[in-house]
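Below are two complexes that have subunit A in common, paired first with subunit B and then with subunit C.
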Partner chain A sequence: MTYASWSKDEALLVLSQTRDKPGPVLISLQAIQSVFGFVPTPAVALIAEACNVSRAEVHGVLTFYSDLRTFLLPANHVRVCVAEACQAVGSRELVSGLKSQGVEFDKAFCFGNCALGPSATVNGKLQGRASVDSVVKAIQG
Partner chain B sequence: MSLLMEPDYGTPPSKRTDQVTVDIDGVSITVPAETSILRASKLAGIAIPKLCATDRLKAFGSCRLCVVEIEGRNGTPSSCTTPVSEGMKVSTQSPRIDRVRQGVMELYMSDHPKECAVGDECEVHEMAARVGLKEVRYQGRTHLGIAKDESNPYFTFDSTECIVCNRCVRACDEVQGTFALTIENRGFEARVSSSGTSFIESECVSCGACVQACPTGALTEKTLLTIGAPTRSVITTCAYCGVGCSFKAEMRGDELVRMVPLKAGGANEGHSCVKGRFAWGYATHGDRITQPMVREAITDPWRKTTWEEAIGFAASSLKRIQDTHGVTSIGGITSSRCTNEEVYVVQKMIRAAFGNNNVDTCARVCHSPTGYGLSQTFGTSAGTQDFESVEHSDVILLIGANPTAAHPVFASRMKQAMRKGAQLIVVDPRVIEIVKTPHVSAAHHLQLLPGTNVAIINALAHVIAEEGYIDRDFVNARCDLESFAAWEVFIRLPINSPEALESVTRVPAEKVREAARLFASANNAAIYYGLGVTEHSQGSTMVMGIANLAMATGNIGRPGVGVNPLRGQNNVQGSCDMGSFPHELPGYRHISNPDTREIFEKIWGRTISAEPGLRIPNMFDSALNGDFKGIYIQGEDIAQSDPNISHVHAALRAMEMVIVQDLFLNETSKFAHVFLPGTSFLEKDGTFTNAERRINRVRPVMASKTGKSEWEVTCDLARAMGYEMGYANGAAIMDEIAATTPTFAGVSFSKLDEVGSLQWPCNEEQSDGTPVMHVDHFVRGLGRFMETPFVPTDEKASRKFPLLLTTGRILSQYNVGAQTRRTANVIWHSEDILDIHESDAQLRGIEDGSWVRLASRVGDTILKARITNEVPAGVVYTTFHFPESGANIITTDYSDWATNCPEYKVTAVEISPSLQGPGSLHLQHSDGDVQLESIVRMANQIAANVPADAAPEIAIAHHIGQFWTPDMRRRLLEDADRTKLSPLVLKAMELESTLTK
Partner chain C sequence: MKTYTVYVPSDSASRSVGADDVANRIEFEALKRKLHVVLIRNGTRGALWLEPLVEVETALGRVAYGPVSLFDVPSLFDSHFYSGGDHRLSLGPTDEIEWLASQDRVTFARVGITDPLSIQDFEAHGGLVGLRKAISMKDNEVIDELTASGLRGRGGAGFPAGIKWRTVLQTESEKKYICCNADEGDSGTFADRILMEGDPFTLLEGMTIAGLTVGADEGVIYVRSEYPDAIRTLERAIVIARNYGWLGKNVLSSGRAFDIRIRSGAGSYVCGEETAMLESIEGKRGVVRSKPPLPAIEGLFGKPTVINNVLTLASVPMILADGASEYQRRGVGRSLGTQVFQLAGNVARGGIVEVAFGATLGALVEGYGGGTRTGRPMKAVQIGGPLGAYLPTTMFDISMDYESLLSAGGMLGHGGIVIFDETADMVDQARFAMEFCAEESCGKCTPCRLGSTRGAELLTLISQGKDVDGNKKVLLDLCEVMTDGSLCAMGGLTPLPVKSAMLHFESDFSSKNGELR
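Showing the complex of A and B:
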């Protein structure tokens, strides 16, 4: 997935569409991330200004949600659910399998896909009954 | 003396008036409905363990320590978040509750240092002991390795002691309203953070609310760690701005450990700002002069000497001057930084020992128009409300004041009101912080051109009159109808419409109309204003315009409304009350009134002159004319703070005896012959009166570093001049004030010590003081409307000086900076900066951060430029905290027509890039008969500003008779070039009353 490189004007344009919505801080952070792939540092002050909150408050929200990021993700981003339901149907094996294959991934806690566990996402695309093979295949595209 | 610990009731008081009765551990207690169980218990004498609750903040319910059992309900609810209800039966202790609390505390202690830096102050340790925690079984990851944040000069943040109770975050949000703190991350990683940066790089304004709220040693004053735990405390009053916050000065022996804002303080209710809370180090700074000094000539070096020699030298010189040049050739200036008692004694010395009325105060250069304007309209010179009133306002009109910088503790209260729904209208040339700051923003910002205040206030009133918003019931019942009728005709004139004035003010007419409608349709609308109103050629007119607006809309005489001057210095109100003006005795009574004079003459044993004395600028003019030769200056650095410094310096040089009473050598003392060391507020025993007329006690926490009280020194000088004057103590001075001045009749130190503070008038009718004035009737009986024609200032932008300079303050520095420059506050602001709009900068090739030359017709200086859109095009702005920048070299000696309050807020200037930084200051000296020029200008200004009624010449003659010295009146009549005087002045000069009163 390709993202725009940082531009203040672009960010202001994004914020002009989110600032007046209810609960604008989270929506603004998401919108900025969807354009730039992450929340660049200068965006924090712009969001604070646009939503008339403090930079500290934006920072608080930004660091609370693990889906919001302050860095660009690697080319392929894998997340594996390690919550209870998936653990019960084999996510531990999936985790150790991926590790042995040298696949980097982040742990996640529930994609709401419990009935089809173990679950994983590759670049945002959800897999049910995920396996090392299915994940590697998705990465190789 | 012991250390005062104010009780913490856990949650704020309920505002409900209906009562409920509950049973807590068998104790029956009746409290207002919606009181929390936690608070009700504390009121019943039962302290429930708690950590995240404190009574300055809303209940949060996160620490789970204050749990209780309630009969008939399941579980163990937190008592901070559970309100009482009628007949409720609560148990605060049981084996189950003990288990819960011990479990909670065991978790806290498993990630908390065994010994805290603040020792007994750590509530975590206190609670662990209280709940009977014996051991901690948990082991695992902790936060104990995190490095301290020492970036703030005054406090440390040690995350290892933090229990993430959110008290600091909530204090910053709810009390201060800056929202500079947050909890970053979540789960185990959750920590208090100032937006991921160090405190000093964050949005923190260092008010100290978080430090005060912290129940552990995580946020701690550095002085507590270096000096150690305080052992005693003294309740006293901050000596910075006119908010007048109450503090506990916490001492360890004779050393001040910290200043802690007092919850019981009427003005601040437990809040503080960076200046009062932390910037008190100047009081014991090494630069303090503690021994008297003298010298024959200002070119000689200072020589330390005894009090006797210094006083004797000063007195003999003053006497010699009077013998040679006459009784009126000397005078003095009282200080709004000093106590009421010190000020009272100085004006007494001048009137009784000097034998003239040449006494003025630094309020001349800030709020003298408030005195004039409010006296004319309401009958007394004071703000109408208490600070608490703002919580009842629906609309706040803020004019020419920047409270987040200059009155921070009141600004926090204002922001609290706004977050609860009050709407704000800002009238200011600059985009000041409160126009838009987290969670609050102004409904309207009327960004007018400096010098057009009266045009705006007239335009607002015009809309209110034309669109039928006048509160006729209020006007008919409370106001002088003749004056109202004349005013209504005047204000409805088309020349006062927003459309007609748009080209003058630059504010779009429709914006003015919207703001006027918002103000007029509010249930409670209040007006707050500052020096942006008074420091203009029409300062007094503007104050009267504000009073008109409040009366016309019926916004006087109840909480939530009123006219409120925000006073710059701690005791501006008090120094004015104490008779510091040359035409007034204490209590705003004109010097020409024989009955008033008799009251003082009886006690003082001297005849008081019936003629008004010289105002500060008149003193300078008179000095240059050779008639004024000696001056006593109490705590004011006129050679830095007064406008057109070149003129001030020349005047001081022309004097034979300049006596300076101050903490430090300053710009003025460069021209002095005698230096009398003064005392800091930590050594004074007296009272300050704040902007809400609240008389607060100032108590000494340490012995005078000079060996004398300041008022003793004044008395010594008076005695050396041959007038017997002395008091046993400060309380005796207040007793004399109470005996002579009706508004203070009920005030005494013993009563203040008993009740904490009193708002004057405090007398037989109002023995507990008066929070809100003019409730049933105005002090003068009926409120008087005054016509307020807009007369543009003569200080206009021109081809040579096309920009308008306006001046102001910033948060961390105070006035001329004599105090704050001697504290760590310089970390935030170490030099004065010139703010300039992008377009003006581009036009002149000025870059951000570069040196620029700033020139007006009276002088020039060099400053660093900051390009910002906080000022509009055509306007530049700077502060005057640093003598090197010499902002007042630029400002002119133009002044308010009625009071001679300088026009600091408007100076026509030009700016050009400068290759070099500031060198020595260039002073330009004007030649010719400066005094006569001033007299002609002042007379013409008065003529231009008096209401255009049937006989304006009578009003002019009356004004001159009331406020000018006989000598100035003589010069107008005899020496002035009549071709330079306006026809109205010439007519007034034919009247008997110009000569006599």
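Showing the complex of A and C:
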């Protein structure tokens, strides 16, 4: 996934599309992240101004939701489901296996693929009955 | 040239095990063999253990093959599967697969059968009948019908849908909303996703009926961001419905307006709690609100709001089309109609099982589920998501309905059943319940915010064999505080999996005694 590098003009253009929507702060943060890959620090003040709320309020929303980030993701982003249904079919082993292979990943709670676990995503693509091999293979493309 | 119709599901579970590869390979082989194959990407039939399930249209109806891998496709063509030829993956006519045929599909009647984005297909299979009927009825009559059907909220709380709608109808306001809660965060549940991906128009129809009935002109579907395919499918379905003259200023020429938009969540479990969801739709932190006021009176942006789960709203069209009596003749006691159960976790035959309320737990997990996937003996099932109770196999004769589960110390929740084999350590499972709550608590009330962290610490000590009896006593005390003192179900029900694990799997806890690690 390629993202635009930070530009205030670009950010203002994005916010011109979201600022008038009902409840605009979260939508604005999501829109900024979809363009730049994360929420750059200067965007917080711009969103606050566009939505007519305080910067603290924007910061509060930004830090509440686990999807919203203040940094760019690695080139290969792996997420592993660690919720109950996947635990029942070996997600703990998958997690420790990936760790021992030095694969970096984020933990996730449920992709709604609970009958075909353990589930993982590599760059957004969902895998059912995932294994260390299938994840590594997807990373290598 | 003869045309063959082949179905390959496009839902994300099927795709997670290679449905896209199978579909591509079928198109490639058809081209190579100069056959005219029309490929339809339907929703899943719900038999997820058979996915990717390939179906073909024959003179005798649809015939199924599965589970099909990419590498099976050439041999399927060799055996002329496109006209129903025999193959080692043949499952016979889809309608005669016992696992599917024995179900009672009402809400899921069309899922897997139609092309999810074909409104013609939708109408050919009974779509829009409920909405057209609702338009011809008075608002109170629609709600009477809904109340008579006995439909209760499928999100987990089980509140009668008719009462909720009537409250919104009777509350005076120039603006009202319909909010569909599609923040299906419970592990072990996926029915909302499969419905949204497999039959999105049914949900839109249910919401439109709700809107016209209570006098709301705007609907919002709050979908969790972990469901990108569902969001895409719904967005397309909404555009199609607008172009059709269904959604918009003049719903099916009724002179009344209703439109729907999608809001994507941002990775927060607690936003599935209805008031936290409202906050999130308003663009704020997903912090739970105190009730009262009820959302039916002061909901989204302070306006009267119907908040229903996907399955609740998707059940409404059928109830209106076929009549309340047809729906409420199913079920037991005060749990009427059908429940869409979801078999998940360590299960041999996992997927969607829609049957009337009152089926036994054993019939579901052993009958449909076929035991564990690993083949080891079952140890426990968790019903109703991360906030649901762990029950032992000795309770398999329990009737699956709201009241029976409640009196057995559990809850139905959203109908998800997660199966564990004998290798599960129930102390670990109890600790995870607390850790999950600590991670996902909105932080507004203390019992949930702090209690969950303390609970996880206590369970760590227990798992290390440190003062097991003493720490269990403190843990039970803590559970009582969380149950009684939390603002919403997140903190209030987290003790349920913990206490049920302690009650039914006592030996997992006491065996830690003296096992100082």
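Couple of notes before you dig in:
Criterion: the second predicted complex is superposed on the first by the 141 of 141 C-alpha atoms of A that agree within 3 Å, B and C clash if a C-alpha of one lies under 4 Å from a C-alpha of the other, contacts with A are read in each partner's own complex, and residues count from 1 in each chain.
In the analysis below, a contact is a pair of C-beta atoms (placed from the backbone, for glycine too) under 8 Å apart; a residue touches a chain by one contact, two chains touch by 3 or more.
Predicted, not measured: the structure shown is a model, and the values here were computed from it.
In the overlay built on the shared chain, the residue A:Phe64 is in contact with subunit B and with subunit C. Which of subunit B and subunit C touches more residues of subunit A is settled by the count: it is C. In the superposition on chain A, A:Gln87 makes contact with subunit C only, while subunit B stays out of contact range. Shared-chain residue A:Ser34: touches no atom of subunit B or subunit C.
In the superposition on chain A, contact of A:Gly23 is made with subunit C only, not with subunit B.
Of the two partner chains, subunit B is the only one that A:Val44 touches; subunit C does not reach it. Touch criterion met: A:Ala56 reaches subunit B, while subunit C stays clear of it.
Look at A:Ser96: by the touch rule set out above, it reaches neither subunit B nor subunit C. In the superposition on chain A, the residues of subunit A contacted by subunit B and by subunit C overlap at 57, 60, 64.
The part of subunit A that touches subunit B in the complex is made up of residues 44, 48, 52-60, 63-64.
Every residue of subunit B that touches subunit A in the complex is listed here, in rising order: 178-186, 193-196, 202-203, 436-441. Taken together, the subunit A residues at the contact with subunit C in this complex read 22-30, 51, 57, 60-61, 64-68, 81, 83-89, 108-117, 119, 124, 126-129. Remark: subunit C residues 12-13, 15-17, 48-49, 51, 184-190, 192-193, 225-228, 263-269, 280-287, 301, 342-347, 350-351, 373-374, 382, 386, 416, 418-421, 424, 429, 432, 436, 439-440 touch subunit A in the complex.
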